[in-house]
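Here come two complexes built around chain A, the first alongside chain B, the second alongside chain C.
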Partner chain A sequence: MEQATRSEGGATVVELGGDVDVGAAQSLRETLADALERGPVVVDLSGVRFIDSAGIGLLVTGHRRAAEQGVGFAVAAPSEGAQRVLSLTRTDRLLSVFDSLDEALRAVAG
Partner chain B sequence: MRLGAETEQDVWRAVLAVGAQAEPAARLDRALALAAGLAEVSRCHLYLAGGDGRRLHLERTHGAGEVQLDPEGGAAAALPLPPLEIRADEDQRPRVVPTPEGSYFSLPLERGDELVGVLRAGPLPAGRLSRNGERRLLGAAFPLAHVIAGAQEAEELRRRGEEAETRLAVGRRLQGSALETGRFVALLLRLAIRASHADGGFVAIADQSGGLTLRAVEGLPGELVAGLDLSPQTGLLELVPGGGAFLRDADAAARLGIGQLLAVPLFDGERAVALLALVDTSGGGLEPGSLVLLETLAEQIRLMLDNEALFDRFVSRYLDTVKAIAEALDARRPETHGHHRRTAEVTGAIAAELGLPAEERAALETAALVHDVGLAGVAATADAYLADLEHPTVGAGMLEALPLAPGVVEAVEGHHEWFDGWGFPQGLRGERLHPLARVLALAEFVLEAGGGGPLGDPWPAERLATEIRERRGTQFDPEVADAALRLLDGGWRPHQTETRRD
Partner chain C sequence: MTEPPPETLALTSELDRLGEARAWVAAHAAAAGFDDRSVLDLELVVTEAVSNVVRHAYGGEAGRPIELGFASGESEVRIRLRDWGGPFLDGRRARDDGGYGLGLIDDLVDAVERTALDDGNVLELTKRRPGGRP
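Now for the complex of A and B:
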């Protein structure tokens, strides 16, 4: 898994790539926890080849933590593979998923 | 029977002899013929109470197909038909009623407070019955009500027995498909594993609280399967009932050697009913291109599980029907009322004393609750002795196609066997007789000793203990007999009111 973090539009954008799976979980968990301490978070899945249930689990945990803290948390621009997993596992119902990064940023800023 | 000089006892005896007829329909025919003879009339109609209790419908007639000679012209003329329905409130007392056929004597047949039916005897040329005819018919009302009610109940049991047989036939077919279902689920799981380039996977069934139970496993190492925690609150996976599924604990997954895991929830409408999980353990990774195919395979697995759930419901309902038939048998006579339930109580006490595990106790309870149901299947057999001999086999036959716990069918079939091989129907001896059958056999004997059957008056506990001791090792398994003796010694009194039937 590749990951990069940057600030954009008042939120922390966590950009992920490659396979987001069990092996990547520890690193991603720390990244999301750090990002949530700073405020709203957008996870950009456009470069993700495959995301498994461990990756999805971390997104749901991030979403729940953000809700507890009262900050925005969104998933942006999932690749075809990521979108299919979100849909197949029906976790798109548990997360705020937006087609584009801009929409996600607007949503968490609002 | 001879008319005119008979006593009321003779009338009763004649009516009750009709009740011994094997076929319920034949009992009704004979009862009507006898009533016509007693009343000295040519025709008798029997009306039985319908569903709402306010109307009675014509069930059977005697002599209705006959013709009468027209006294004026001498030509033969068919008699008009009797009314097909009468009102219960108009026939509450014996009386003469006008009908299209002429005057008839109408006699309500009551058993206790229950109106079983109405008998109409006629036509009455003089507008009334003869003195002897009326006396005899009124005297026969009570036994006739019993015989007719008994015939109705026997007919109802026969019908329910037939219904159970039909359901059994359906069950056999469904069971076949249930076994197929298991194979199909495993096959679909293997296909999903292959399509997704996974190393293994599993299908788990979800309960209402989100807890999961493994249903099929393929290609996973034993230690991984053994370490899978699928409990609802803290387990590896979280299944949101109306939402989705995901991995709750990635660290635990890593410890089990899982590199990637994809958990696909299977939904029935809005409720997650199961989960398909594909696992990569070799590091090769799952194939994202397979996700479309996975959706199709997951849907097919869900359909298979639906089938299986349908079969489970069928089995449960079938068993309920069999229990209800057994209860209906008990209710036929006051002395057998509650026999199956009480048998279950007695077997439960002995099983607890024997320290049988919970599954065997549950199986024994099921067997006890239905053990005599075979009597419904042989209710119409003319030879009561044969019926008694066959009922364990018939009862076992009503259950054998169901996927019941081990021992249920064997216990039903063997509850009249003796430990030394001198029982029936198969004469199974010792270890060849299923352990649960040995408990049920002793329970049946204990309840027989409650009185009202072949063993005569109720036995006091001391006599029961003596008899069990004497039959220990011959009729009864010594271990089972010892358990019952310990219970009796401790003050257990299994039959205050119970009696036997078969």
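Now for the complex of A and C:
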């Protein structure tokens, strides 16, 4: 899994790539926790080839923590493979998922 | 017609070897004629199954053996996962992923058979080949 974090539009964008699986979960858990301490978070899944249930579980945990903290949390531009697993787990109905990064940034900034 | 013998991959119980298991299954599934989405589905199934073995049958202990098998039949492929760990109900105890692994394996293949042996567990997954009859 590749991950990069940057500030954009008043939010922290966590850009993920490659394979997001349980082996990478600890690193992603820490990244999301750190990002949420700074405010709104957008997780960009456009470069994700594969994601498993552990990766999905971390997105849901991030969504819940953000709600508790009263900050925005969104998922942006899921790749075909990521969208497939979001649909299979029905978490696309729970998470705030946007087709583009710009839409997601606008949503969390609002 | 006699089916060819299954191919096997010997793994050990480290989560950072999941990518190796995925790549191996993906290569066999693509060779069996599955499309990209079905290949990705089988990668997901194998990832969930192997991670369940590592976390539950072996309790996270590294270096324990896992044997992955892939057999192509005329109308279906079969994936077999053998471990020598403790008894567990695959997927049913995997709550630490938020519960989202529950059902994924069952949803994405056509048949699932779980067998508890005296010295471990066997998970056998069957998926119809493209155009294969039910």
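One rule holds in what follows: the second predicted complex is superposed on the first by the 110 of 110 C-alpha atoms of A that agree within 3 Å, B and C clash if a C-alpha of one lies under 4 Å from a C-alpha of the other, contacts with A are read in each partner's own complex, and residues count from 1 in each chain.
Operating definition for what follows: contacts are C-beta pairs under 8 Å (C-beta built on N, C-alpha and C of every residue); 3 or more make two chains touch, one makes a residue touch a chain.
All values reported here derive from a predicted model rather than from experimental measurement.
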Partner chain(s) touched by A:S53 [first = chain B, second = chain C, both, neither]: both
Of chain C and chain B, partner touching more chain A residues: B
Partner chain(s) touched by A:V22 [first = chain B, second = chain C, both, neither]: both
Chain B versus chain C as contact partner of A:R93, first or second or both or neither: first
First, second, both or neither for A:R6, with chain B first and chain C second: neither
First (chain B), second (chain C), both or neither touched by A:R38: neither
Overlap of chain C and chain B interfaces on chain A (superposed complexes): 19, 21-23, 50, 52-54, 56-58, 60, 81, 84-85, 88-89, 91
Chain A - residues contacting chain C, complex: 19, 21-23, 50, 52-54, 56-58, 60-61, 80-81, 84-85, 88-89, 91
Residues on chain C engaged by chain A in the complex (per definition of touch): 14-16, 18-19, 22, 37, 40-41, 43-44, 47-48, 51, 55, 94, 96-101, 104, 107-108
Chain B-touching residues of chain A, taken from the complex the two chains share: 19, 21-23, 25-26, 29, 49-50, 52-54, 56-58, 60, 81, 84-85, 88-94
Chain B residues within the chain A interface of the complex: 237-238, 240, 242-251, 253-254, 258-265, 267, 277, 285-286, 288, 291-292, 294-295, 298
